[in-house]
Amino acid sequence: MAGKKAVVVEHLKRDQMLEVVSKGKRLDGRGLLDMRPISIEIGFIEKANGSAKVRLGNTEVIAGVKIQTGKPFDDTPDKGLLIVTAEVLPIASAYAEPGPPNEEAIELARVVDRGVRESGMIDLSKLCLVEGKTVLAVFVDISVLNVGGNLFDAASYAAISALVSAKMPKYSVTKDGEVKDTGKIVALSTKLIPVSITMAVIDDTIIVDPTLDEEAVMTARITLTSADKSILCAGQKGCAGGFSTEQITFAADTSLKKGEAVRQIIKKSVERGKKKR
Amino acid sequence: MSNLVNSKGLRQDGRKLNELRPIKMEVGVLENADGSAYIEFGKNKIMAAVYGPKDVHPKHMSVPDRAILRCRYHMTPFSTDTRKNPAPSRREIEISKVIREALEPTLILTDYPRTAIAVYIEVLQSDGGSRCAGVSAASLALADAGINMTDLAAGCAAGKIAGKVALDLDDTEDKEGDADMPLAILPNLGKVTLLQLDGKFTRKEFEQAFNLAKDGCMKVYELQRKALTEKYFGKGEVEA
Amino acid sequence: MAGKKAVVVEHLKRDQMLEVVSKGKRLDGRGLLDMRPISIEIGFIEKANGSAKVRLGNTEVIAGVKIQTGKPFDDTPDKGLLIVTAEVLPIASAYAEPGPPNEEAIELARVVDRGVRESGMIDLSKLCLVEGKTVLAVFVDISVLNVGGNLFDAASYAAISALVSAKMPKYSVTKDGEVKDTGKIVALSTKLIPVSITMAVIDDTIIVDPTLDEEAVMTARITLTSADKSILCAGQKGCAGGFSTEQITFAADTSLKKGEAVRQIIKKSVERGKKKR
Amino acid sequence: MSNLVNSKGLRQDGRKLNELRPIKMEVGVLENADGSAYIEFGKNKIMAAVYGPKDVHPKHMSVPDRAILRCRYHMTPFSTDTRKNPAPSRREIEISKVIREALEPTLILTDYPRTAIAVYIEVLQSDGGSRCAGVSAASLALADAGINMTDLAAGCAAGKIAGKVALDLDDTEDKEGDADMPLAILPNLGKVTLLQLDGKFTRKEFEQAFNLAKDGCMKVYELQRKALTEKYFGKGEVEA
Amino acid sequence: MAGKKAVVVEHLKRDQMLEVVSKGKRLDGRGLLDMRPISIEIGFIEKANGSAKVRLGNTEVIAGVKIQTGKPFDDTPDKGLLIVTAEVLPIASAYAEPGPPNEEAIELARVVDRGVRESGMIDLSKLCLVEGKTVLAVFVDISVLNVGGNLFDAASYAAISALVSAKMPKYSVTKDGEVKDTGKIVALSTKLIPVSITMAVIDDTIIVDPTLDEEAVMTARITLTSADKSILCAGQKGCAGGFSTEQITFAADTSLKKGEAVRQIIKKSVERGKKKR
Amino acid sequence: MSNLVNSKGLRQDGRKLNELRPIKMEVGVLENADGSAYIEFGKNKIMAAVYGPKDVHPKHMSVPDRAILRCRYHMTPFSTDTRKNPAPSRREIEISKVIREALEPTLILTDYPRTAIAVYIEVLQSDGGSRCAGVSAASLALADAGINMTDLAAGCAAGKIAGKVALDLDDTEDKEGDADMPLAILPNLGKVTLLQLDGKFTRKEFEQAFNLAKDGCMKVYELQRKALTEKYFGKGEVEA
């Protein structure tokens, strides 16, 4: 799908890009391990339980959280549900087509899901109202508004920010198992702020937060998500190339380090969002 | 029976019967799109983008003497009170069709033979009247894309609440009210290109609502012009 | 889809059609505001709760009504369901393809649905058996047998006639909420007979009930449905052209006037159908 | 145990074991179709239409030396006792296949290279034996379309009810009976082109049912010929 | 789909094949009514309730049986469910494409289903646990591993063998209708071993168990399933050709006769499978 | 808290923490496929087949200077404890993608311009680690198909159970354990081409698990080489 564009980029910019990277720089002036500017607007979708609009460079993503009652899965009758979806909206790129999610969008949703789920930031057993019958379902729906490289991190930051700032009705359960909305609003209980950091290999060098042009020439990609300063909780290698053992080690270190910086940005944005409301 | 209009003739959000909700428009908001616009219409938040003219796939769908126009009106899962299933609903498919038909008369499609022009409308948050706001945003995005046009399309609805004809119903008014009539007009060509009706109007109310909606469309049109002017000569954002 | 045929019609008949319309006439001899002959056969599908086969000119449509118990929607626990579908069967036209309904068929179903629903001809709250648990679902399925212009009105007349003549089992509800078929047959309770009138613009002139050929050259279409002599309850503008304000006004008047005539035809057909059975 | 056959050997609708239900056929009933036919077979009401020979889309599906035959057997949602979901069921897909294979040997497909012939069978009301009635109607529609043919296909089933072999089961007999064997034959070519079996027959009952169904097919064939004659030389409708 | 291959086979082998068949022989040396060697491996999928891997000539098929609790259909509240599916895996042939089952796969599943269901080998009313609420659902899923002619019989033998050897948990029902797994394992109760025999017409001669090459030149196909020595219980004619009355009679006799031989093979394989476990 | 590892440091199936499950590989197991392989990895039973290089349909998907690689990882309905719905799950779609990306660097796709190479992985029985076993089997099938390759891809996972880093988790260990990291490496090129992580590792555990999984991959690689040797020079089946 992105074939034609990729070819053009390769011919025009490939040499140029390889040259600057070999000198430890990037075409946009960043250092190899610098993220682009991140801006996070909390509560953009007032009707959602939680929402965040994230700009990472020129990638733009909205995540909305909806929390509704539902039925638990048969094999986890005492746990709430977490459902993450992602769509690259057709407004976002000349190469995005309307229709059911393709494998890229499915991978995107699943990698974000993994970061949320495996970090344990949400205790799903606390979302059970009536075992085997009624639980809370947390839907995290991600819409990509503009494709500008590194969808994984932008989508992840949007999802995490939306979850951390989410509010929901407090439910009570009557003796005979009826679920009632008490009318009170409480925060969705979350622990930790998992942060994904995506890295790419260009000319055997690892760079952080690739742009769309860099993605067109990268040979491999890896996303590593940290649950906190010292714990890695999710990972995904992508693209038709590979990493050396040393590069994997370096990527793990980089994820933990850069992740902590992004974690502070998310925290501050959520704090700022709370004040505004 | 209905508390949609109070004793002073004001609506739940304080508006008069013939008053529009606050409107905000911005042109050229998306980097990748050939043209784009963003509209806030009350609590509606809608992004429209245009891609094209571009090659048609599959090729046999192309038309030798003009461009084909494609249009998708789509609601994000988080845009509605209860989460919306991501798959396109029958409602979205119908609205995509009437919006396409509302926009097509503004475009000089014969200037772009054998190509496709795609209009995508994404409702990020919906609050009654999203199809009208969607038409208005899409028309701005088409202008922003530099497509040859003979007019803009401006949309606004009028309806009936608590037995009274009223302009621009919001979600609650739409659901609890008696009737709703979304409209889109081409102000310069003097044409109605979108009209739907849900609910009961006497013949007279029909006329009143139609005229009220037309007035609303004209106000929207002024804001559209302002937004385009701002984009190309000014600071890029307009509020009403 | 209809592209090729439309082109041929335009070249051969366009001038001819514009000429006669400019003289206030139609190619088939009708006046501008005349409907084609309407014939309605009630009860064609004995196994359905209600059915009607409608011929409007050479357009042929069958509507079948099935009434079954079902679950209410979450947000209307005390109301029955009305579900309208339409399919242009592949037997009906060289341009109809088998498969899931396309946008034309979806619009057709939704415009018919709107006429039924918004007129209030069926009081859905009377179809509730056990609030939140069991209601009656009224399915109106429309099959187009032959495409001959103005599907909207033919489909609408078929659906309305099928509903007005529908019979169904009488259900009783036991104390503990069990729904039982009493074995008695009652009529589906309906008020009003909503009637849609579809008009087209050809050469800036409004005509009523367009034929297939007229549809190929029309620039705009409008369907307005009246609930009775003086109330409009549903509307849908179609096609890539527009109406002037005066034309809209004229269309509203025309719908109310012509609608009353059709209403009498439907009433008589239903009466005749009752006697036959 | 079963009250499908009474003490006089009569069935619930009064028929004898070897008796067909009332049959009505009409050729050329649809205006747009290249060929069409309508059949009533008991309470079955079935419309068949043929479009073609016509161009093949997508093109790579066409065959250089003959026409491809397409066939869809479809039940309208209101055709069954309980409303049928509009999406095609596995049953409909299977029946479409066996009907296509029942009709194909009657057609001189090599007369129409690189084209497609489409047969559409719409069951408006079903009552047991609809696939057999569908084959018969489709064959008439093919003849009405003027497709070059070597024979008609005539369909009829036989089964077993209350332990007895019986001709042409209706819905109740099919559901409460012991076995059903739908058949379609080409009377002139002497070929069986559709045969299915659901339910238990001894070897002897199989033979009896087969012969009974064949006799039924021959009666259907006579009515098909009559309907074609009426259409082209007479008043157009036949009853049995 | 199989178009291109069929053409090649016709040109190269058609004459040769017709010649040997006219002499009462087959290209692979078999007699006209001989089956290819059948091997049945019971219990290949340990995690399934029952399974069998069948090799019929070079056709290879696995069937797996899963038995789970489920809801009965509305019109048979006192009966368990039997659900048969078939997929020609894309590993099985250059002409098999991944995706939802096409008409061939659907026919395959339905013909196998018919043999199982109509023979009465499983008494579905014995699979009812709580009428109208909980029944056992028997899923028979068939995966074709290699396409080598006569999928019908190979799939059928695999399904039947898997069912006959299936084991399942014993369930108990408490007074208030709760279904419990007792922890005991019992055999799925089956009566009879239905056996399908597929025959093809080549040069107006009937042959049994066609190979892929023979299928490419056959003019008609018939599958007849016997419930035991003397009862036929399912049938399916296929392909764009026909059978004479005499051929149908001959096919019925042949199915009963050859079926009995295959029945013994299935029985022995199941016995052998029992000992192994 | 967890009984996944006993007091002697042994796992539920008696394995040590750094021990692989029994592995069986066989090359060239399917008659129709251009290349094929079968692997048993614990209770995993997986068949992989390769078709191609072959023409691309639809044609516009072909690439002028190389082959496109397609890959489907698919679980049969009977392969899992609870029956799996036959429709492809989001999980299967994701795994198909990462496996394709794990295999692609081993292939000299430029040797086959304008063609497609299709890799199909069928999980007949799954038991934890099926994607790694699937990569290994697929790589063997590609070699068996004679596709020009620069290396094999060998897959193996490591994870954390009862707080301890462990090699090659089975289903129970995966579900009840703390973390799992599937890996695939290209032993000669020294590249990691598949890596995923589910669950919490400290930085140190990450490194331990990574190295343990790499060792596992090397053992798998030895068995792959043996299986290929056996196929082309020996008796065709290998057990570990």
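Note that the chains take the letters A, B, C, D, E and F in the order they are written out, and that residue 1 is the start of every chain.
Going forward, contacts are C-beta pairs under 8 Å (C-beta built on N, C-alpha and C of every residue); 3 or more make two chains touch, one makes a residue touch a chain.
Everything numeric in this text was worked out from a predicted model, so none of it was measured.
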{"item": "Any chain that touches chain C and chain B", "value": "none"}
{"item": "Farthest chain (mean CA position) relative to chain E", "value": "B"}
{"item": "Maximum centroid distance from chain F, chain identifier (CA atoms)", "value": "C"}
{"item": "A-F, A-B or B-C - pair sharing over half of the C-D contact pairs", "value": "A-B"}
{"item": "Inter-centroid spacing, chain D versus chain B (mean Cα positions, whole Å)", "value": "51"}
{"item": "Distance between chain centroids, defined by C-alpha means - chain E, chain F (Å)", "value": "31"}
{"item": "Whole-Å gap separating chain A and chain E, where each centre is the average of the chain's CA atoms", "value": "48"}
{"item": "Multi-partner residues of chain D (at least 2 other chains)", "value": "82"}
{"item": "Multi-chain contact residues (two or more partners), chain A", "value": "none"}
{"item": "Chain contact topology (line, ring, star, complete or other)", "value": "ring"}
{"item": "Cyclic chain order - from chain A, heading first toward chain B", "value": "A, B, C, D, E, F"}
{"item": "Of chain B, residues touching chain C in the complex", "value": "63, 82, 90-91, 93-94, 96-98, 100-101, 104-105, 179, 181, 185-186, 189-203, 206-207, 210, 214"}
{"item": "Of chain A, residues touching chain B in the complex", "value": "44-48, 51, 58, 60, 62-66, 68, 85, 87, 89-94, 98, 100-101, 139, 141, 143, 145-148"}
{"item": "Contacting residues of chain D [partner chain C, same complex]", "value": "30-33, 36, 43, 45, 47-49, 51, 54, 72, 74, 76-83, 86-87, 118, 120, 122, 124-125, 127"}
{"item": "Contact footprint of chain D on chain E as seen in their complex", "value": "3, 74-75, 103, 106-107, 109-110, 114, 118-120, 220, 222, 224, 227, 230-245, 248-249, 252-253, 256"}
